[in-house]
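Reviewing the structure listed below.
Chain naming follows the written order as A, B, C and D, and within any one chain the residues start at number 1.
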Amino acid sequence: MQIAGIPIEDTFAEAFDRKATRVIITAADARWAHDAAAAFTGFGTSVIACGIETAVDRELAPGETPDGRPGVAILAFAVSGKELEKQIPRRAGQCVLTCPTTAMFAGIDGPKRVPLGKTLRYFGDGYQISKLIDGVRYWRIPVMDGEFLCQEDTARVDAVGGGNFILLGTSSVAVSIACRAAAAAISEVADVITPFPGGVTRSGSKVGSKYAALFASTNEAFCPTLRQVVPTQLTADEDAACELVIDGLSEASLREAMRVGIRAACHTGADLGLRRITAGNYGGSLGRHHFHLHELLA
Amino acid sequence: MQIAGIPIEDTFAEAFDRKATRVIITAADARWAHDAAAAFTGFGTSVIACGIETAVDRELAPGETPDGRPGVAILAFAVSGKELEKQIPRRAGQCVLTCPTTAMFAGIDGPKRVPLGKTLRYFGDGYQISKLIDGVRYWRIPVMDGEFLCQEDTARVDAVGGGNFILLGTSSVAVSIACRAAAAAISEVADVITPFPGGVTRSGSKVGSKYAALFASTNEAFCPTLRQVVPTQLTADEDAACELVIDGLSEASLREAMRVGIRAACHTGADLGLRRITAGNYGGSLGRHHFHLHELLA
Amino acid sequence: MQIAGIPIEDTFAEAFDRKATRVIITAADARWAHDAAAAFTGFGTSVIACGIETAVDRELAPGETPDGRPGVAILAFAVSGKELEKQIPRRAGQCVLTCPTTAMFAGIDGPKRVPLGKTLRYFGDGYQISKLIDGVRYWRIPVMDGEFLCQEDTARVDAVGGGNFILLGTSSVAVSIACRAAAAAISEVADVITPFPGGVTRSGSKVGSKYAALFASTNEAFCPTLRQVVPTQLTADEDAACELVIDGLSEASLREAMRVGIRAACHTGADLGLRRITAGNYGGSLGRHHFHLHELLA
Amino acid sequence: MQIAGIPIEDTFAEAFDRKATRVIITAADARWAHDAAAAFTGFGTSVIACGIETAVDRELAPGETPDGRPGVAILAFAVSGKELEKQIPRRAGQCVLTCPTTAMFAGIDGPKRVPLGKTLRYFGDGYQISKLIDGVRYWRIPVMDGEFLCQEDTARVDAVGGGNFILLGTSSVAVSIACRAAAAAISEVADVITPFPGGVTRSGSKVGSKYAALFASTNEAFCPTLRQVVPTQLTADEDAACELVIDGLSEASLREAMRVGIRAACHTGADLGLRRITAGNYGGSLGRHHFHLHELLA
């Protein structure tokens, strides 16, 4: 199989069960909402050391938000509901409660809940006020610019993390730019994020390391500078690789994101030295979600 | 004292000893450097729950960086050198090592050091290579797009955190926009950052809370909605307040930032309903750096 | 009538017949498309001295464009079809034909046509090639980066220009920021543009001048500095006014834009010193499209 | 001669005498200044059909502007002083006079002058006021948000237009991205602009055409799709070319821009399929400024 002349390997991406949530931040203008969202989603590239993988899902026009103001919808993914419960209120407390004019709302429905105002209200030191509207609880927490209006909680749902595909080509600049095109295309797909910087990572890893303390280390089989030293997965003219890692609320959204992203990567990369698309997996035994490239691109 | 008709209270900001560092991220183009920096500095608004306060110091043209590529200089502040040692490599590992085409360098000199490559090199699983150039050690860590070049360490220096001033006015929109003008003006000052979202916070806090578990809670004396309920610091027409919090490498840089920021706030706010500038302190006993507004504006 | 406490005057905006077109620019990535669009739409604030009023309608995802690449849709309005025929190819020749990787397509259907490739093809010096696909003619014009693919022409349709409303308030900063919120809200409405810088103008004019050569000059009745000197439309606490001018493909789209824009202006401006919303007209005799504020806000 | 492995041809760019000016726009915040500048400089890619070539020189911090507000410096180049006199006031009238909160100042000194307020004042319909400060005349023109403060005139100076270099490589995407890196690097150089969209053009032209009405047409010797049809300047693996065109206030600034831009292009392009750098000239007889690539890169 080829797209724009780029061979697509007959392999699959192996992805994992995740717990996810969506929150909505609104503000007096789009810029404050964006500022709060940028702070909230920063340092959220990988569940390993950031706790959650989180990024902006999309910007919301005033007509799309609970309070009719400009807003931003954020997605966050963790390995457990417990980790979400820890990370979301902490980030909300540091990055949204603090930000002028913002309010915060659930962005998804479901029976299992992640606390928002339920935890943050204590900052009000007893002066916070609870309000029940149509069966939904909100908190009004006194702050210096008035009140921080914050819904009691948001939902958490079962989700999928670690969908991926890998671009291989003749140089890091070439591959990284094809990846950027893929990330841009994926940003238009609903219910998914690409949590790494600019949506892309170049530090593909294998499980384990010669250093006992490390759970993961560089995947030398994909490192171009080690081609002469270790068994390699790279052909002679593949001098660089980068990976798109995608988290999504459903297998369907992930599949769509991979489809759209791979196509964009091929069309942009065809003229830049992109040589091959593959995907990362661990033989299929670690994650129960398998995305076969040929299937989703058919 | 007045600026553009806005009264400046005769009080002082109380700031604290901090340990700080500066790191430089470069990349194949300015956008990858910016993407890595945005990830690195996110969720870095307050030492309380983020570990460090960190933000972009400034963008660097190719001629200003160690490897002649576009870059970004980042400042980070913590309560101890130990916390810097924990946070900087962790954030660098998640947000820079991962980002296509980036390299990482010390951005400041000094005898005390914060590890960069010294810690990150282990990701190379033994395939990393050390290089000594002019007495400075660098690591070349194999990754999928080639090598992550990373200096052994950067310096940490004594610094000052929590310089601040507070804007009071007739509405949250008015005050928040005057604050934005202040943050924009401060961004031109070297060696300082304003770590809160958009550079501003509205969640001023007092020490302690009625809830035993909380070290800090809302400063009700500055909450406009509580004016009828508690002893207040607000006058009748002050319906909102927001605060600029500034961290700097020196008292001098903080003083300059406060001077520039207050002036911008007054000039923009004069026509918007800004009513007063004050500053936050704890009587002077907690932090040993005192910035008297009338003095620094004289 | 009031919105968020701001009085809406019982008056109407008087708008004019215009000829309009929409063109689509696509490119290898969104940034080149944006660069071409920024050049094309610049110096396009007013039909008086720019020939056309033109601005970006909206960004297009790859799935929305004729060639599956990222794109931008542009609207342009003129007083006559002839002026469109003069301006569109000239701007396309200077700003799209010249821009790396771009292509250009009709963005609207209709029997009356505005030339694109029909005129631009001559740049190919005889080496251009015509292609008919499904009855639509395209030109492939040789350029240094390959070929500029350009549709033969686009349509022009009857449209409406000069829909407007005016914000009055206590300061230029206050009014200009409320206007900015209005322009942001209007940018979400389809089929309309606000062609002035940032979507706003402060140079409201009257017909005629004491200088014979000028067709229009400052509308002194709305100038706050002339309040003591001339008969004024301003009340004692109205120290500034700014105007949103809106062009649209239909009365319905203009009405929606005015409705959305006025509401956003009031909600943002209420706390900033906004005092009144009115609209500009010439007694109703010059333009045949009248937009009554109370009617469209009902 | 090679840079990063890319051969630099031993040829020269031929540039032309131009008249140039610099103006400064300030505003209540950086965004209004930017909005006015974007409108002013749009549709300003080429003297042929836009009248002037104009673009932002650089952003100005409040401390760098005549009135202590944020600002933008703009450069404009024309074939004659007369054309500057026509274009500058017209663009200022449509794009700066109209824009909320802006003021306008000379950005360069010299005995020969280009009118600003001198022409624009008439919009005031007799209500404008002149003010002489330190021998410099300013106009205060009443507008709806207060007054448009505008300096009487700015200077025009002798300058150089059409400095250039051409990138040739394996694909339009590759070449266009290398060009983008060059334009980014040049934007750091003082006193120069790259007026084409995104700083780059792909429509290199020769003098004359088979169509009598056209003064210029595609330079078929550089068109990759015509390689089999006409005598070509392209080698077998050069499938695309793009050009940086640079205008500058002096030969020295142009030389610096070309040096910096070519180096950036080579370093970014080396891994992308960039094959050669050359420059455009007409044998040396049309323009009296010759920039020899080997000389300026030595």
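By our rule, a contact is a pair of C-beta atoms (placed from the backbone, for glycine too) under 8 Å apart; a residue touches a chain by one contact, two chains touch by 3 or more.
Owing to the predicted nature of the structure, the values given are computational and were not obtained by experimental measurement.
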item	value
Intersection of the contact lists for chain A and chain B	C, D
Greatest separation from chain C - chain, by CA centre	B
Self-contact between copies chain A and chain C, residue sets same or different by half	same
Superposition of chain A upon chain D: rotation angle, C-alpha, nearest 5 degrees	180
Centroid spacing, where centroids are CA-atom means, of chain B and chain C in whole angstrom	40
Chain centre separation (chain B, chain D; CA means) in Å	37
Multi-partner residues of chain D (each touching 2 or more other chains)	28, 172-173, 180, 268
Chain B-touching residues of chain A, taken from the complex the two chains share	28, 31-32, 35-36, 38-46, 48-50, 90-91, 93-101, 122-127, 140-148, 166, 172-173, 175-176, 179-180, 196-198, 200-206, 209-211, 213-214, 217-220, 222-226, 229-230, 239-243
Chain D residues touching chain B - in the complex, by the definition given at the top	28-30, 61-63, 68-70, 180-181, 184-185, 188, 264, 267-268
Interface residues, chain D side, partner chain A - complex	170-174, 177, 268, 271-273
